[in-house]
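We just call them A, B and C in the order they show up, numbering each chain from 1.
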């Protein structure tokens, strides 16, 4: 399994032509020049597959599912052919000590060169006792594995930003990879789950150019997270015209109007769903009639209700009535004080005579 | 001798009310009131911006009647008003404000600025910061009975002259007359034609009327200086006179602030409604005209314009009557720009004409009136306020403009046909 | 705190604080001002058509005769920026949604291109007004710190809102959060500055109208 990628693909019946086409598509998605597609194809075809260690922490396996449940054979599936996946608990046949041994072997053999993929957040409370593998806390394992990694890919929102485990009140003290590891390049691929092709794209970039793609301030590949869902949404013209679905079954909803009022978080969510779509380009949440949840953004779980429009108060106005009552009370009190002051001035009035005009 | 800052502030605490609070909180410093004030428009000096003239009052309001203002004063963010400051403000509150009320008519947030100036003067006078000229006028009015030292014998002498010249009796102290006529000293001394005019008009209308020996002076310098206690003393004379003589209506003379003092402030000064009505002579003429009791003949043919006295028109609500009366007797009546409700002040109202120190400024401000006259080039100017008349005459003379100023009532009387047979020479029921 | 947390805070806690202070301030100030009361006018009223407090509340929105010519910038600039603010605040669909959510009242929004134009025009008018305040002697003379401060506080929500929609300078999420924050600051400051004229203006016009209507003068 260690030969050049192109041979492996050929054995699986993927032609060179199909592979080239795929690379061109990938390159265009990442906004690279057309020539990059060819370079990518050549580089990847010839590359030796890098060793990848995939560690699942406090997670739901949704990210892995997102990959493996892709229709077969999909090109996204090729990810598993581009790499040498040396450790992935969900997918590997080995278990127990053998699995741990495989990980240690890979880490030793590829020290300083392997890619570390993390999905899931890392709990810190109770010394990390909330999530342990083989009796060791996620924190321990992460630190150990990160030591010899060339780069780390944080798969999914949990690994990238803490995700659902970190949602208020964050009982396990969950944090993201980048909260712990500060000295390694980290690519965040947020999403709950993330779009599979983003992972492929990052790997392809790494294999072709030997570096990670350009990232934004939140550590995400700019190529995929450069624009909001809202800006790329096919329903955007309705927003601009002020045409909104008010409920999920009204005339506006049937006509495909904008879902802003139904709580769509598209305007504040940076992801590629609107262009790449899901399930082999079949559809995506907004197209299916539901607003974006903003799952690829930090703390999306706590950003007001999913069905609450962005312009609405996240909390109902809690103290409004109390404030008005207190204000009225204060006003009335000042009013009484003022009136008694005025009354005092009146009763102290000394009728002015002509003499009183002179100082 | 006893005016103090403390007393002034106490008086201001008495007079600051919800409208003033609302006004100060509404001001957005847009400066539009300046554009309405002839002292600003003619000098271009921003210190004449009407709302600025009230700055000490605003601070007293804020410091006395708002919680934040009190806190600000406590921590030293808001300075206390001082005697020096009020002294500086004297010229702004008196010399450069004629209480004309144009600012109140334009303020976009609706602030009645002149209402506040009037109240601020209460504090200014109580703290001893009223100008000498007005103080003297008040002293004369309270002690002698007239700001110009006119006493009853002087009035009697004028009555006699008029009776002789016109052959119409001038009734004095006639109980039960319908109208009681009060005069301004200016009319007694400078314009006795007014008294004759009233007599003629009353005779033609067949109405009973009288003068009152204890209350013939209508002017009320107490209003101008802004002291309700003294204004009350002055206004009470008229109220007592009218109630003693049991008249139905007191006719305010051609004098703007006398009208305001009697008609609008009077009942509030004495704290009860009057048992009689108060009307301006122009209002009465308007009524006579409407009831066909006023018959005129002939017309003035030269070019005439009408100067609106602020207290009669914008501040008094007698807007249409002067025009109707003008048209009765004038063939060539032209309105100057901004005539009527928005006409410009002569520059000497609200006591300003009594302040010697303000004379240069007053003449400067008169340029506004001058430009209005220049626009219509009248042969003569008609007005209905003796103070306007004097100020206009003096200022026109200063600018070497040869435009005579006349009173509307006299002009109307000039066109009254000779005594009609049924007219009562003697008051009925007397 | 990341952008979304910031946004969530301003939409949640921040808004709660701002609205609470705003309501507290408004009720307190209204009582403080209007409880001072006023004396009944004992003089006999004169009646004239068109003269009442109510008339003046509306009539004072128009420039009195001759004033437009004397101060065109104040009037035209003032109209444009007040109407522009109203259009942007009450015509933009997300704003309407907020109002309908709080009060149940709803009306159709205006097209976003139009709102965009209105925002630009409003800002332009406000800049002209600022320049007028700097260059006109009377306005400069009257101006205190509060005048510059409240100008900025009124300008910022329009600017940040417009920049958020236009995706200028900062990411949308951050800009939206700044927009909401700027509105909150405006709400907090409003009852305690000259911005309170938004409330007292009606009382002031009414008093002025009523006092003068008593004399039969329609002001």
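Note that a contact is a pair of C-beta atoms (placed from the backbone, for glycine too) under 8 Å apart; a residue touches a chain by one contact, two chains touch by 3 or more.
All values derive from a computational prediction rather than experimental measurement.
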Message: Please identify the chain with the largest separation between its CA centroid and the CA centroid of chain A.
response: B
Query: Any idea which chain sits dead centre by C-alpha averages?
result: C
- line: Ranking A-B and A-C by C-beta pairs in contact puts on top A-C
Message: So the centre of each chain is just the mean of its C-alpha atoms; given that, what is the distance between chain A and chain C in Å?
response: 39
Message: From the mean C-alpha coordinate of chain A to that of chain B, what's the distance rounded to whole Å?
response: 77
Field: Junction residues of chain A, two or more chains touched
entry: 330, 334, 338, 342
Statement: In chain B, the residues touching two or more other chains are 16, 65-67
Task: Note the residues in chain C that touch 2 or more other chains, in rising order.
output: 28-29, 32, 35-37
Task: Under the touch definition given earlier, write down the residues of chain B that touch chain A in their complex.
output: 1-4, 7, 10-11, 13-14, 16, 64-67, 83, 125-130, 135, 138-139, 142-143, 225, 227, 229-230
Chain C contact footprint on chain A (complex, rising order): 161, 218, 228, 230-231, 239-242, 244, 260-261, 267-268, 270, 294, 297-300, 302-304, 309-315, 317-320, 322-324, 326-328, 330-332, 334-336, 338-339, 342
Task: Give every residue of chain A touching chain B within the complex, in rising order.
output: 330, 334, 338, 341-342, 345-346, 348-359
Message: Under the stated contact criterion, what part of chain C meets chain B in this complex?
response: 28-29, 32-39, 41-44, 46, 48, 51, 56-57, 60-61, 64-67, 70-71, 74, 78, 136-144, 147, 192, 194, 196-197, 200-201, 203-209, 211-212, 214-217, 219
- prompt: Where on chain C is chain A touching in the complex?
  reply: 2-5, 7-8, 11-13, 15-16, 19-32, 35-37, 93-95, 97-98, 101-102, 108-113, 167, 171-173, 176
